[in-house]
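Below, chain A partners chain B and then partners chain C, in two separate complexes.
Right, the complex of A and B next:
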């Protein structure tokens, strides 16, 4: 600890209104003090009226650091505390707790950001030191006007809503139900299972994907606390943590549990459409079951394709099918929400590595469907008669893209992130091909092989041992896929191989498999509804990757699985359980505590003009018709301050940010500006 | 330190970031947790790291508040400097036998004033700085340690009694002995983390003989502002290094040393350290010799690009052998993989071996859960219940279940906590905790259920 000499000026420095302010400035292990002269700042601040202590410390957030704050509050009778450190999003809560432990109201604390907003944005030590001083000086003036506040308490409705019925959503629902919580699982598709259902075996255990899935589905649907709703979409959602009301629309399934002759109904349907389950490699009927063993085990009707000809109805004698079924709406009440909306495989652009031009250029997802014994070809690959088939894999399609090299996506960006699962996925599939057809020649065009996971490296080793040829391409000059004018193989992959010092490679291929990346499933409506943060990679963005990895910034909304970023099944399930754990912790408390920074209407001053009602973005203000004044709902108000700023009669004040507090801060800031 | 009670809901073994997170998740759900750490402080590997990829947040800023949170949590009891002797099934739960190692002072009386440390005349290489700095024979583990309690290292103590004389609370007790304690718990979470591959594992690299061949954790320490040198210097002569090499996969993906797996973090920590070196030392050249760059996590590929853009050199090459020159510079024989395997000799003044991760602890004889071939705990339901071990009621989180970075370790720890909580509910270990959720559960609209076929 570096205590600034002369800064402990004792009670003589007390402010006229009795404020005894302690200012603690963090070095942040050099993050701040390498740029900001923290000692000088402490000296300057120590001279201000009301400041009883101004000091610095290496890591204020550490236990000794927090201990120092506690000790000084007690020892010097501090009644206002300022910490100048990192961003308040990181540690405001930490320090509020510290202050509370010392017996002081936690809202008599102010956090000043001198890291993200000062030391990290400039190398100019002098300017940084001045700015830090100015910000802290403003806080000193502000805290003199702070008043003790109490947290709002909202009771939590002990039920969860899980959105998305893939493996992550299922696991989250399973865990929450087993923990004793009511769960509603809402899936947009008519069937549960998500992307795992489309896989054949899972790396690295080799277990059957649909068996693993089925076990989890059984646990979920058989649990008395779980309510599964398929074929449903979220219309809107309102409320706050503890008390969400989500309106959903359930599309008519068209068939119900009375339908016994399910196969006959499907067989009778004359309408065909592209089967998305097989990534377009097969067709399905308008009334269909997504895959063998799917849940619910009841067909669904695709109304975009159905002509209501009634043939299915005839085939089953009229029982169990209702072509006139209407959509239903319902409102679900929950205390928390788990988003588990998953991913989509990257869809190559037309012509990207010949995709769309040559039918023998397919994606890894399509290959996996072809290898599936229950897939569109019964597990057979397209082959040339008599000739050993040559297969080329190209890695990093729609992943690790480079601006200026790869074509931009429709959203104007390139997919610059690694999609994490495709290396192991591709090698897993390649080895499966070799196992079934040892004569097939496989060439693997890659940049780096990223078999990082537990048990994944074995695939790489086995692939090398099995004679799979690895060609390393330069991402700035990706391989080209062309038609092959001569020879038996219809395609030609050209690139220069870095491993041989840039030798040109020309590899004939019968099948080119693009190991495509992953993109988030389109959930733009949910993003808007829950005000979700989204990263530059378009995936949902957690509050903090290490401190709060499965939470969104909106309280009570959690993230599970690959809606957050590329993940394999193990990782998605771990994330789902972690989200369940955080949800359970919240519900176990029965009440949530929320910041008291909400708006309050002065009934004397309010003229009932209703201006605030129109500006409030959260519908948190209503008009009390009998008294003719505005009333703020404590649960809904997020403390955005819009109403307080708009009220023409100055009748709305916001706790923690009242006029006196804000004006004092602004005044001090401007004063600093004039000096600096 | 509070007395160990007779019964806890859960025992968490290992107080690294994963163990702390698991304990906090259980504590927040209302379960009582005993968190046992064998070292004198919690925090694990993370508390000694400098900054963390890919955000370059300082590691302490994330880790130390977590440590404080665990220490202050009403439902978590910390038990540091304690070994787990045996965990065995007993009734519905586990009997837990612990051995508290002697600190040679009365923990509750120590106020962490440092005076003993200042008085002690003996200097010993400091484990926290991987031998690059010194500590005294009696010492507080480090500035961010929890608890801030001194520990006396008898191996090096000369019993001069100076510490005892200056201690304001007279807490020393040179006769203290290891103490056996028995307790019980309903569920167990193993979060015993990692060690890095021994520096001597690969003889060709001279990791245990050449002074300027460094351990990556030592590099974290010398990069840290609270590290032993306060800046980056090379160990042999204290000069500022100008040309630094990272040898990737030095301790993993190598059957010859018995570690065939990928350790997942070495590419990223090497890129991180390399990038930071270019910030710390003006004009430094840093080269990574790698097999594959595995920047697979969220924001990691972008970090790799940034490092290369800011001057870090990434060369696909396999280092065959390292030899030492007269001035302790190092000569690397590198097979240049992108140049047809041409062999080249490169001279650097400092080399960091990107060692892999091996288990921090082996359960053998203590907990009857099985380990897999790779030495980490076996997780038979790796896909949908990744924290389950082969022993019912015993769960695993963090690196104890295989190499991983901090974000993944934290997420998995949360998963282990959830699995343990549900196990406790299932066996009815503590009907009460479940009641919080179950009993008051409001009625919910049931729409339609389908029979499974």
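Right, the complex of A and C next:
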């Protein structure tokens, strides 16, 4: 497309405060000018006081477009620039740089959105033209009050803290270390590996989960830049991006690397407890190794169970076990923090699909443990009078729940989101059963099959071909699991099948597997500490799902893996790598540049009434006790504006959005508007 | 009380005046509250107008030469045509015209009627008031024909205006009433020529910071659980009244009074108007309140707000004429 010179007008009048405003209106190749009469807008705006130039251009973001802005700034001595074009999220930075190249402070620029908010939302040319004029007129009045601002610069301590030693935390730590960053990895449990260690094989490749995990752990612990701390929890954290200080408490492990006869120590322990690793399907000792090949390869003592009887100590001759070991505290200094706190499988409520009432109703996680050759039964399914011959899977347990249909959770909500991993996970397990026991009859009760991932659909195809029977239930009438009075199989699953037009189905089952959803691991303390945004599903919320997918709104804190939402291992690893790249990029800058739109306290007006301290969501305001006034931490302030809006004495103003600027804008917007 | 000065002045003393318009008379009394200082004042100044205290006639003022009065304190807002006429007259006759007290600076209590129409005000005052007996439904008319001829009374304005809405004002002294100590300091500054440059926006005899600056109470950084009215609960003496749930206008109110009300265990009513450069006192206070409610749900917030009786009278008690609301149009 050929660039056409636009119309050009301007009152030539300098505003009384010396503002010489240049207004550039973009055609966006017709995207704007097909609806908005940009020439008329330019003429109208050109009549306004202070507007030295009002012109249009075919593509302002193009090189000639930006060149025009630069040239006019220099030629006409413009000291305020307005670009009316697309959304500021797209090109605000582009034009700020243009303005800066012309030697003008980049914050003496204002971006007006006349595309997404005007031309794209209406076909009414007259209304669009008027709205564009009104919006630009408001910007003209606003820019008269703009003041030059400088970006904030904060130096970054070149070290990372990764919280969580599951697959996401491990991948993030590894990637950071491989980029030459110093990393501390903190895990709450005594052993690394998280949920992946509890899996047998991974979809969609079918590779051994623990092999994959072991490779990552090897890469992490062998790296000289990584310091792994297990059995540790976060006590508190202070500081801001570039300079976080996180205090941790390391629980005593009870055993150390000098312990040689590890199996003897475990065998000698007389105390038993439920083994959470097998989801309650087995028992473990008070001194234990979580799983074969776990890291660290040193047993740990569960102090809630240990009676300090000393039998383990006797068994190993006293070497390598210390029952009197004390917890330690330490402070970790880091420039950034990666949260990789993971998820928990959804625990069905008592009686939900017979769970808790019938022992043969188990969760998918339990089934996976049962299928694991290294699991509690050596890979055998539970026997009654033989291997089960009829297995029923029920999908969407604790996922995609419907208010009014499903029972509310203890938090008062229903789990209305799709847990994303259970469809493929359930079919993966079903196919494994089919491979091992071709005689077993498998029925799959589902709402929708969501094998959405790359290579996942194969599982559904294979399952269909392998004779797995699919029954589609209506989510408003989920299946019921009952005892079977006939006695050939202990359970009965009843529902009506939408695939056969609502035919009632009554399926006897020896084993019912609930494909349960996922919930975020309880990290409410960390949420408070880092002021994390949390979604309605209780998972942590990124700044923007597409544009800033692994960043929290709090600068310097990143998200890795399923703390952010249900993810399979592939996705969790990808997210972890993304978090690592973002963190590494930040650390590599050595200094972080931040927009100057932060709050500032007028010391002459502040009375220290502390209202702002109460409302600041980021703990960015403290009270200077000696002067009795509020002080804003420049690094911590995100520029949300809450304090400025709150301050009853008008003692807080926000750079870029001060009262004069906002009021001038609002007045201009309302000018001539009919008020009720 | 000083003697009447001869009309031409000329004894070298400062000539001061005090006038009342739409006000309660409290401002006149507050000037007397400077106590023994009144004697010092009389030494350097002659009172040439003070209808509340001495017998001056309209014609006396008309006969004064322009700029005759050195300092004129004008209290009360402008409710009717007579008050506007006198305001204009005094502007002409005074070198320095000071809006004195909340009514003159921000409309004060009378300006709360700006939320009503003239018909509504007349209905309340002449028809609906239970203590009235007005069977003929008579209302005051600007012009009335009577057996003595045509009678004229001032026209009633639809709005109470601030003095600065009518004439140019040199200084503002806020407060209902202004506190004597501050006023005396301002008079001394005036006599000594130490007041800042004249500007109708300049408030004197007060400070820029909010009342919290003078308040001795402790902040505990808690959010407000529920609103209470002063008669509904006994306020804890040492603790911030706002945090206790009493709507204390202190944070949004200019200081200068010495936190008088809060020291008497009563919430600040906001009589000194907005602090600093804030324009709209009620909006400032509502903005602050909205952020410190301990309400997790919208319903709870609504419940709490419903407990605020007369929000306009609470948040704009003294500043309706200065507010962005401006009352009923």
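The rule we apply is simple: the second predicted complex is superposed on the first by the 449 of 676 C-alpha atoms of A that agree within 3 Å, B and C clash if a C-alpha of one lies under 4 Å from a C-alpha of the other, contacts with A are read in each partner's own complex, and residues count from 1 in each chain.
We take it that contacts are C-beta pairs under 8 Å (C-beta built on N, C-alpha and C of every residue); 3 or more make two chains touch, one makes a residue touch a chain.
Note that the structure is predicted; figures quoted are calculated from it, not measured.
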| item | value |
| --- | --- |
| Chain B versus chain C as contact partner of A:297, first or second or both or neither | first |
| When both partners are placed on the shared chain, which of chain B and chain C touches more of chain A | B |
| Chain B versus chain C as contact partner of A:614, first or second or both or neither | second |
| Which of chain B and chain C A:75 touches, first, second, both or neither | neither |
| Touched partner set for A:250, first chain B, second chain C, both or neither | first |
| Which of chain B and chain C A:182 touches, first, second, both or neither | first |
| First (chain B), second (chain C), both or neither touched by A:211 | neither |
| Partner chain(s) touched by A:604 [first = chain B, second = chain C, both, neither] | second |
| Which of chain B and chain C A:593 touches, first, second, both or neither | neither |
| First (chain B), second (chain C), both or neither touched by A:202 | first |
| Chain B and chain C footprints on chain A, overlapping residues | none |
| Contacting residues of chain A [partner chain B, same complex] | 27-31, 34, 58-59, 61-67, 86, 90-91, 94, 97, 101, 157-159, 167, 171, 175, 178-182, 184, 202, 204-205, 207, 212, 215-218, 221-222, 225, 227-229, 250, 257, 295-298, 330, 332-333, 400, 416-418, 420, 448-458, 461, 472, 498-501, 535, 537, 539, 545-547, 549-550, 564-565, 569-571, 573-582, 584-585, 587-590 |
| Touching residues on chain A, where the partner in the complex is chain C | 602, 604-611, 613-615, 642, 645-651, 659 |
| Chain A partner contacts - residues on chain C that touch it in the complex | 208-213, 219, 221-223, 250-252, 255, 274-278, 284-285, 287-288, 290-292 |
| Residue numbers on chain B that touch chain A, as the complex places them | 25, 28-30, 52, 55, 57-58, 60-62, 64-69, 71-72, 112, 143-144, 146, 148, 224-226, 253, 260-262, 264, 292-302, 305, 316, 337-340, 342, 374, 376, 382-387, 401-403, 406-408, 410-415, 417-419, 421-422, 425-426, 433-438, 440-442, 444-453 |
